[in-house]
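Take a look at these structures.
Note that chain A is present in both complexes that follow, paired respectively with chain B and with chain C.
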Partner chain A sequence: MTDRALVAAGRAVGRPLVGWLRAAGALALLAGRSATALGSLDGRELARILAWDGAQSLGLVAITAALAGALVVVQTGFFIRQLGVLGLLGWGAGYASLREVCPLLVALVYAGRVGAARAAEVAALRAGEQLPALEALGVDSVRALLAPRLWGMAASVLLLTAFGDVVALAAAALAARGWLGLPVLEFWRSMRRSLGPRDAALGLEKSAAFGLAIALSALRAGLAAPANGRGVGQAARAAVVHAIGWILLLDVLLTGGM
Partner chain B sequence: MAAAPLVALKGAAVAPGPAGALAPLDLSLSAGARLLVTGPSGSGKTTLLKLLAGLRRPTAGRIDWAGGRAPARAMAFERDALLDSESLLENVLLHLRRLPREAALARGRAALRSVGLAASDEEKRPQELSGGMRKRAGIARALASGAPVRIFDEPAAGLDPVTAREIGALLSAPAEGLLVVGAADPGPLWELVDLGLVLEPGRPARLGPRDVIRARWETLT
Partner chain C sequence: MRGRPAPLVAFERPALAETARQLWSLGLGSLPIATLALAFFGVVLEKHAALQAQRALLDLDRIGPMFMKLLVREFAPIMAGSVLAARLGSATGAELAWMDASEQLDALSLYGARIGREVYLPRLLAGILGTLLVGVVGVLAASLAAGGFAQLTGTGRLSAFVSPRLVDGKDLALFWAKLGLDGASLPLAAFLAARRHGRGPRGIARAASTAVVWGVLCVLVWDILLGLAFA
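Entry: the complex of A and B
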């Protein structure tokens, strides 16, 4: 191999590697600075993020969770009836909803609805020079603006998943009643017999990890995008793509570890 | 013996990139200096202001502040750079959170009044105001900081001549500090300063007394 080919090969490997390391470093720095800001967050800003990103997503999460809960029953109902094990339906639907379907779907919906919007907002704050302006005045923009968004988004995903769990289970019980004629009380008993708080907690652990991944992806995409109008669109797209990738990867890793 | 400069740029330069560039520049400014930086678009005015504000680092050369540490600095940007989610008053208070709330409110309100914004404007969001009013609020935010080094980028850009003159009259810095104003079309802003600096791509920067630099700039334009 000639020297030129060696240099070209080194560049081909080195450039993406350096880019990846830079991105990972920036992400770690953002996470670290946000963590140190946790004790002194601007409560007003945090409340506003929870209201905007959390409360305003309730409707979409309710619809998603209700459809997911019903779908679990409809998908499994045929086999449950064939096998004559209706008594397991509450357990099956509850297990799937609490541990997998709800955390995953809420996170994916949130990444598309809120993650993209927050990434675009941060990119717009850079393009409009609001972030540099804060730094120029000696204000720590991570503490003032980014950390409340990060923790607000992460908390929103967790709370929305807990809300989605309740809606999904209620929808599953109603679907079981309508689709298979299983009384709601019977569905509830089946669920109570086999599921415990640990099942819900494991799902919520996942959603906490998903929430952090969505928030970090969104903020990093907003900060890394070019500070212009096109950068706003690029940030939104990158936030969704990265968040979905992280959610799926974390889901595999966390499910394997549970 | 001449007093040591408050800040000295020694061959400070920024390599060309998406966020601007600056050719190597030597510049010394004493405490109390009032400098206007002018030049055509792309000459590096904003990049120089950002270097002085500490928002960028030189890719070559260095910037030395007296005592080895930069004093508190405040910069107002060409665009008002106010947060749309906050009221005018909260925008001004953003960097005053270390003060007790009452003291911060008093200082913020005084700054807004000093630029001609009324009490009834305090709770308005930036998008409810005209461009001139937003510009005033951006300047009020820099003034309220109390920072001795104050940097204003294109404070009169996009404004009618009357408003531009009014806004120009608001720009100030403490006697022991530094006032730096960047403008491609300085107009009435010349009256605020005692030094001028012309940046031109491909040519050495020219620094000198206001009237000399002003006359030269006006013959060029």
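Entry: the complex of A and C
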């Protein structure tokens, strides 16, 4: 009975551990091979990915960032009004938007929209046997297909977050004017007094890490899903959930290092 | 939606066994990742608070109770909603799109099953109850993680971060309203996404990703509207 319990406990701990180690190994391998392919990327494929993943997400990121900016004003405004320090609103909203809310929300939305779509695309390529066919023809699928997607997605998240920062701050200034009657110039002055380029740089640093995490999670989910129709849906789901786990873990680690 | 607009499923009587199964799979199944997410977020917030307290020479123990109020009013609902938009939205969107693509919904209809009662309403109820559960557990996880981290790093005391003395009835009403509306919106967004995209493998993937994006946008919009209403 004790032996059985020990074996069951070993299985309960060992199986997830082995699964986690295998996933970490696959991610490291994919990251390493994509890094070595960085010097010889297919420029046209990279441009296509940047155009599709980046440019086509601009509208969604603009909406998300504008909502995030307004949200930060509503959230901080409640406390700032209670404490009677309206002049600090620019600092509070700017600090929260640049360092935390904007990078986090842009990454979450990007993981949902593009990460899931890319995972599904890779899974569909496997299900349609296009990836094995490329390998059979001697084409390195990592260099030709996966690395451009990985770097394209990572670059898109960084650029979209920079764009989102600008939209979020503009939306926050307008929300402060509309809701609390704080003039836009006063909001701007309060922000400039206490925030600097370092605050934006720290947020962008985070978004670069989030972009890599989203891209790696998406490609890994696409490659690991069963090569059939159902696997395509599974890959999309796994990509989103894993990306969010990584984003939040990286957020803790990078904020801890500030 | 098999002939009925998504919000009208609320007028059906739910199948209890299916509701319990969905609550188990979507609500309790989302609990580990959502708890972890809120705990991580609690640590991030504590770190930011400590940085600013250090800059303004403030005592972090005085900020602690305010932290709990901020968590209940704002951060717990939005973080729980966003994480559930990803976990629950993608799972429900992909599952319904798959059921549609593989003609399981048609088969159920042919056998006389009421799709609203058997399929949609259990997921809607599981979404609402699951979100409420995740929100409550999330507040506990975030405040304990933030307080524990403050105690560990010597910047504050655990007891200050788990103190609810500044949380009033209005804060709690806002908390429940946000979570309830998020919980109802996420499955509805997934139903609509599945209905719009759910044909073929790529349609399933698009349904999953659209459900996540619509879910996150719903969470943000509710947060702003309710924040303004309860200001």
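One rule holds for everything that comes next: the second predicted complex is superposed on the first by the 245 of 258 C-alpha atoms of A that agree within 3 Å, B and C clash if a C-alpha of one lies under 4 Å from a C-alpha of the other, contacts with A are read in each partner's own complex, and residues count from 1 in each chain.
What we mean here is this: contacts are C-beta pairs under 8 Å (C-beta built on N, C-alpha and C of every residue); 3 or more make two chains touch, one makes a residue touch a chain.
It should be emphasised that the depicted structure is a prediction, and the values quoted were computed from it without experimental measurement.
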item	value
Fit-or-clash call for chain B and chain C when the two complexes are aligned on chain A	fit
Which superposed partner A:169 touches (first chain B, second chain C, both, neither)	neither
Chain A as apex of chain B and chain C, Cα-centre angle in degrees (nearest 10)	110
Contacts of A:48 with chain B and chain C, given as first, second, both or neither	first
First (chain B), second (chain C), both or neither touched by A:202	neither
Which superposed partner A:235 touches (first chain B, second chain C, both, neither)	second
Winner by number of chain A residues touched, once chain B and chain C are compared	C
Touched partner set for A:249, first chain B, second chain C, both or neither	second
Shortest CA-CA distance between chain B and chain C [superposed frame, angstrom]	13
Residues of chain A contacting chain B in one complex and chain C in the other	none
Residues of chain A that touch chain C when the two form their complex	60, 63-64, 67-68, 70-71, 74-75, 77-79, 81, 95, 99-100, 105, 108-109, 111-117, 119-121, 123-124, 127, 179, 229-237, 240-241, 244-245, 248-249, 251-252, 255-256, 258
Residues of chain A that touch chain B when the two form their complex	48, 125, 128-130, 132-139, 144-145, 226-227
Interfacial residue positions of chain C with respect to chain A in the complex	33, 36-37, 40-41, 43-44, 47-48, 51-52, 66, 70, 73-74, 78, 82-83, 85-87, 89-91, 94-95, 97-98, 101, 200-202, 204-209, 212-213, 215-217, 220-221, 223-224, 227-228, 231
Footprint of chain A on chain B - complex, ascending	18-19, 50, 53-55, 72-79, 81-83, 85, 94-95, 97, 138, 141-142, 145, 147, 151
